[in-house]
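In the two assemblies presented below, subunit A is common to both, partnered first by subunit B and then by subunit C.
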Partner chain A sequence: MTTPVTDPVTVPARPPASRFAVAGTVAALVLTWLTAIAVDFSFADLVENLARRNLVVEGLLQPDVTQLWSERSRTAFVETLQLAVIGTATGGLASLPLALWATDYGNPNVPLRTLVRTFNNVVRSVPDLLWALLFVTAVGIGALPGLLALFFFSIAVVSKLTADTLDGVDRGPIEAAQASGAGLTAMLRTAVVPQILPAYSSFVLYGFELNLRASAVLGLVGAGGIGSRIEFFRGRGEWSEVWGLVLMFFAVVFLVERVSISLRRRLV
Partner chain B sequence: MSTTVALPARPVDRVRQVGTAVTVALVLWSLLDLDIAWSRLLELPADLARLGTVLFGDLPFERFGSLVAAMWESIAIAWLGTMIAALFAVPLSFVAAENLVGRPLAWAVRQVFNVLRAIPEVILAIALIPIFGLTPMAGVLAIGIGSIGTLGKLFYEILEGVRPGPIEAADAVGGNALQRLRWGVVPQVLPELSSFVLYRFEVNIRASAVMGLIGAGGIGDDVAQALRFKDFGVAGLGLIIVVVGTIAVDAVSGAVRRRIIAGPVSPAVDTDA
Partner chain C sequence: MIRFEHASVTYPGDIRALRDVSLTVEDGQFVVIVGLSGAGKSTLIRAVNGLVPLTDGALHVDEHAVHRLGRRELRDLRADVGMIFQAFNLVDRATVLQNVLMGRLHRVPTWRTLLGRYPAADVAIAAEALDRVGMLDRAHARVTALSGGQRQRIGIARALAQQPRLLLADEPVASLDPPTSHAVMQHLQRINRDLGITTIVNLHFLDLAVAYGERVIGLRDGEVVFDGPGSACDAGVFEDIYGRSLTADDTLTETLPGEPAR
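Moving on, here comes the complex of A and B:
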């Protein structure tokens, strides 16, 4: 028997692509094609529209950043900050019981638990601007609908994040509290809340960051704050003023976020 | 026999005290300074009950078809926008990962992501509506541009977390730069990347429903118009369709995401293969 000098190595057969991956890719392509039809997507229009001269971009190139210091814009801006503060404080506080009552140990009553969970899910599925529009319809334009919108928006964000943290708590302290005869509230207060307090505070701060951003757009539907000024200038087609306000607003948001993020790092 | 035990002093956390004080002060100042007729809050339950009645009391089911079509448009805006964002975010994220390119370049690309992430889609839509008119394209591009930042950030974080082993293996068998990416990096990150794209799609459905409220197409348009013209039944039905539609798409997309991350049940007995 002769052995060949170069031993041929049989390359193992390449595994076939998983049916799931193939089906997923095909589905994604089909969906892209269908959605492109649904919105009349066309590259020619896209290029044509973008290439056309327009006032929006010209305004962006010459933003009027002094606008924020004008009397009315400044008042609107302070209102935005205050709305974000109160909306976060109240909504954040309401989130804690809502998240606790959605857990199996925090709410042994199954129908009630389902009710709280459903409430949290529905609140979460309504976007911020829609809350604002609903409350504007219910109570009229002004700062109040903005505040109510931010209240519910905070609940959506904070209760979700807190609920996720609550899933991972150490059950030991809960058993200890129950063994020593603690009632439900006492058990939650002594065994659960201390475990999640740092994370929860950090989520509230995060909710504040999101609220601050959201509060800029609430005014677009009449819910007060800086957005109402942005909408005012947008309606008049004064894009330099629009962009001036937007840029200054985001400069402030950026600073607040820096502070908030460093606080959150310290918490967790 | 009893002994007295002196309890240790309760620890004092200065930062916490200052933080609490500042927070309380901020909230109080806002409450006192804000120009809101707080007594209006007392009427709120009645207002909401009335709004609830007019919204959901008498649903115009003859509009069901057209509203579902509008919801489909919202979903389409979200999907196309997400795809456009992914198209830009994937290549950009490769040049934002410090383990794949140099630090200065990665830093520069990250700043682009940060700026894009900071702008709410609605603001982008405001800028795009005058350019594209009140069409879904304004919404598609607002979502497309707005999601590049978030997707890009998530992507480069995943890319920086890859295990170096497969890259070294590709090197060892003589792979060039492209082959190294194709065989050393892409297979490691593909499941997470695609699952994040789907997650972003879920987020963007909400964003696209909202952008309709200011005129950028989709079901938000119908709801906003209906509320403006006090056609409350249509608005109510539209809201129900938004909530149910969002939850339904979330459920499907979430199931696909979990399957992507979990992988086949067991490679040995993969019934899918």
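Moving on, here comes the complex of A and C:
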């Protein structure tokens, strides 16, 4: 008895890399090189700067956490948290109708729908710091411009994420509500909102995380909160105090984020 | 009373779903509409409450001239017409009671709906509707905890909560198994008999149509090709409606009408 002779099985040759991928990689490398030349990038300067005495880094090595107990820093911290909470609550609340009115089923009036969508897009295209600058110019230095900035920043984040979720809702209950003669608002409240409520709550919490971080920077342009204190010490070159505040802020953000993330995991 | 007069519906792309349909449904009748998918059953039923507008002809439902109604008047008409769907169309994340209360939306002020604070009278109506389909004990259960047959009973309760004069059911048993299908059809039949609500049901199972249809209307390519009592329907009639010979897929159990059980 003879066993039939078979050829060993071989893996077919790998197809050549696509021309698009090759060209793309080459283009990216060339662009990086050209950009480096354009901005006068040089390793020599980097190393030279590292070797010099650097007050900023020295401050980082000796952060002054006693700032936590100073009256002014504490007030600024509380103000930051307040800004983030109120900005998120009001902006998040305003986002829900704005997202609903941007959908085809939530707004049968086409010109009005286009208007809401355009508004949402414009709000989204403005970065948080620019909002703060705009409102500092408009209403003056203090917490109010910070609050207004966070309000619009929340709308930008929450309305966009919510709108994406609204695209994927089950349309069945919408048809059922319409077939029962329900008005638009009643339909949205009973057929749509329950479907997106967990996701929406999660987006508001996410907006809160972003706002808390953003509210630290807002102070740099005069919009209140802990950022104003950081900017104050930075202006005087007191780097130990700056880093002390930054560390404290980092701890708060870390804590809030952990809580928020675990809450959000439970929601969706 | 429902009166179609030379009613036609043409969808964009010149798809003619209904062609020159004229028929009258008297109050209290239990009507079953049969036909292949695409024959115009869904369009016919959705024309009655104005979800699909007529492109030609006239349609009267009681005192409403449906083909001439504005948005506001359409909502008034729909409040009197309950609808039941193949996919149940319930809100999965809400409770049974919240779903049934959707049948009261037309009567409840919007601000109360927004706050979720329904008047006690409306909650009582919803509870009565749930009781009629034997689901009152599950009022606070989540829809996701229910079986298909139970979900469709919630769908029926939601329609009943409207206290409708007319009930439309679009393939109410197409997603259900045979025993559950009969249970749901019996619920609809009992509601029709006890409350005298005119009922129109789309079905594609011929044996169900014969068993429950006090009157059967056959649609083919958007035209009425049969209109008579369920008892007059035999295999020949259905072959004419379907335009082809019948298969086991056309019946819920594996028995063709007018044929001994296999």
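Brief remarks follow.
The rule is simple: the second predicted complex is superposed on the first by the 249 of 268 C-alpha atoms of A that agree within 3 Å, B and C clash if a C-alpha of one lies under 4 Å from a C-alpha of the other, contacts with A are read in each partner's own complex, and residues count from 1 in each chain.
What we mean here is this: a contact is a pair of C-beta atoms (placed from the backbone, for glycine too) under 8 Å apart; a residue touches a chain by one contact, two chains touch by 3 or more.
Keep in mind it's a predicted model, so treat the numbers as computed, not measured.
By the touch criterion defined above, A:232 lies against neither subunit B nor subunit C after alignment on the C-alpha atoms of chain A. Looking at the shared chain after the overlay, A:119 reaches neither subunit B nor subunit C.
Between subunit B and subunit C, more residues of subunit A are touched by B. In the superposition on chain A, A:185 makes contact with subunit C only, while subunit B stays out of contact range. Once the two complexes are overlaid on the shared chain, A:105 sits clear of subunit B and of subunit C alike. In the superposed model, A:38 lies in contact with subunit B only, and not with subunit C. Subunit A residues in contact with subunit B (one complex) as well as with subunit C (other complex) do not exist. Those residues of subunit A that touch subunit C in the shared complex are 170, 172-173, 175-183, 185-187, 189-191, 194-195, 197-198. Those residues of subunit B whose C-beta lies close enough to touch subunit A in the complex are 15, 19, 23, 26-27, 29-31, 33-37, 40-41, 43-44, 47-48, 50-51, 72-73, 75-77, 79-80, 83, 118-120, 122-123, 126-127, 130-132, 135-137, 139-141, 194, 206-207, 209-210, 213-214, 217, 220, 223-224, 227, 239, 242-243, 246-247, 256, 259-260, 264, 270, 272-273. Taken in their complex, subunit C has these residues touching subunit A: 49, 51, 74-83, 85, 87-94, 98, 101-103, 105-106, 108, 110, 113-114, 155, 158-159, 162, 168. On the side of subunit A, the complex with subunit B involves touching residues 15-16, 18-20, 24, 31-32, 34-36, 38-41, 45-46, 49-50, 52, 54-56, 60, 78-79, 81-83, 85-86, 89, 121-122, 125-130, 133-134, 137-139, 142-144, 147-148, 213-214, 216-217, 220-221, 230, 234, 242, 246, 250, 253-254, 263, 266.
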